[in-house]
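Multiple structures follow.
What follows is chain A paired twice: with chain B in the first complex and chain C in the second.
For the complex of A and B:
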């Protein structure tokens, strides 16, 4: 059964672009920091359409053209993003939040981890406020695009995170884009199935488990997520 | 403690530069940088023949933690890119100053090398992080 989590339309907070337009919004946000147009930016978006999004390096995999055609035939065209990681489905059941900051540091380990905590901890606090029990940051073994800084419920992945670092033009400062993609609606089986279909099409034997994922709608079936989203954005803006 | 060879020059954005003595340099990212990035999974290499300005973005390095742009430490023309990294990007982690080199440049101005950090100055910068 698909969780009945609410995603209202026509919000001033949540953009409703296509996947391609949403990725471009994030790129423009990072570029604005790189051009010195500000020190901080936030954008939240949920796509109107569907795509399987991955770093461009996947294009070099043997069998990629065939896999791309196979996924497109299933209604999941492939698109590319500038952050790292592995394939992630984007669809109207996913809310993305991108945080861009100008940092007077470089992209060293401590700062990469700082960036993930800077995005993830307010997200956990917001989820707690919504009534989710014990959200935390960590790995979700068996999840697609797994990393050390997923927002998890137990050990199940709710929000996947990624980063892109670029230099601010004309100085030593760096611009960081930290991105989180939260599954709100649909079931994990649906989205994991899309990633596993790509894995099969590309000839990669690794498969991912729906049990390693969870959707917010499974946790809070009655939640009006979009109405609560300004609370998340406010928390992310607090230290700006 | 990161390995910072004394015979190299460095940038504040954690690239190293080896003077080949013939107007060309070899460059890569430092041991400190590779430690910071974690396991490198992809390096987007510059095209041979491309002319770069100092500080110009010329590629991308992607690790399990993040993707980050690569910047030309000096102005010059790309004369070689380490295509072995396409199949073995992990070499950047394993041997950042040897097999993990990224590109070779023919310098537009060899004297510009003197403007880069020496090992001592780079060590201070890395320690400060």
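For the complex of A and C:
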């Protein structure tokens, strides 16, 4: 996997859009790579409003319209995203960072693992710099939208990650969008409760555990995360 | 001539299975080379699959079916 990149640092600040606008920012970033407008892009955003965000395939679940109405009544309207995974709450307590790269696909395997490490390892380095002990990538059993490449603290999920891959127009290169959602504020109980409310509304018996999640504010209550965020974006841009 | 559409064999490590999350065109539709036809999800990654050639699409794996690397998911009849 060879990223063919020329750096465009067009965004070193935290955007404050609505959830829908934030998701649209990410889609526009991926599309810009697909149209050959650049080889690298970054966007950081934290929503002003809140929503429970999931891939569109969940719309096919039996009872989805009723579950959607129930969550909306609780103040958590459902929206859809283009990356994979399962439902994730978006609210002002969450900071999202999306990294888009144009990648020259060679014969090597494991595009997906490469993409997750490309996003996750600089994130771990940044957390270490902030004073967090031993951040790493891995599963967090019991967490909602679990995967093999969460950014974890003490085996609890701090950052959920997901990707989307799309062909660059007119050539064999691929565009990758790697997305991370980090819980900064609120408590894990609050956000896990939202996902579990959806689980109950859709009739799925699986429940998730707050003990499998952690918020950065629990670890570093005095940290000025927004002020430190350019450091994360700079690290993500370093290899570009 | 018939051309296979398969899940890329070099997309991820190991034997983790994926799932077809969406067909973007209907069974039996005419598609052009390069058209997006399907999305596969594995490891929380959505991967878009294009038509390798133009032709009439015949779907062999439906939405929500589990797939492995290299799985035949459709054919195109030129």
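Things to note:
Note that in this section the second predicted complex is superposed on the first by the 224 of 240 C-alpha atoms of A that agree within 3 Å, B and C clash if a C-alpha of one lies under 4 Å from a C-alpha of the other, contacts with A are read in each partner's own complex, and residues count from 1 in each chain.
Just so we're on the same page, contacts are C-beta pairs under 8 Å (C-beta built on N, C-alpha and C of every residue); 3 or more make two chains touch, one makes a residue touch a chain.
Since the structure is predicted, the reported quantities are computational estimates derived from the model, not experimental observations.
In this superposed model built on chain A, chain B and chain C take up the same space, so to speak, and clash.
When the two complexes are overlaid on their common chain A, residue A:15 makes contact with neither chain B nor chain C. When the shared chain is aligned, chain B and chain C each come close enough to touch A:165.
Once the two complexes are overlaid on the shared chain, A:82 sits against chain B and chain C alike. Contacts of A:145 after superposition: chain C is touched, whereas chain B is not reached. In the superposition on chain A, A:57 makes contact with both chain B and chain C.
When the two complexes are superposed on chain A, the residues of chain A that touch both chain B and chain C are 55-57, 60, 82-84, 107-112, 115, 147-148, 162-167. Of all residues in chain A, those touching chain C in their complex are 55-57, 60, 82-85, 107-113, 115-116, 145, 147-149, 161-167.
Those residues of chain B that touch chain A in the complex are listed here as 12-14, 32-33, 35-38, 41-42, 44, 55, 57, 60, 62-69, 71, 86, 129. Of all residues in chain A, only 55-57, 60, 82-84, 105-112, 115, 147-148, 162-167, 172 touch chain B in the complex they form.
Those residues of chain C that touch chain A in the complex are listed here as 10-13, 21-22, 34, 41-48, 50, 63-64.
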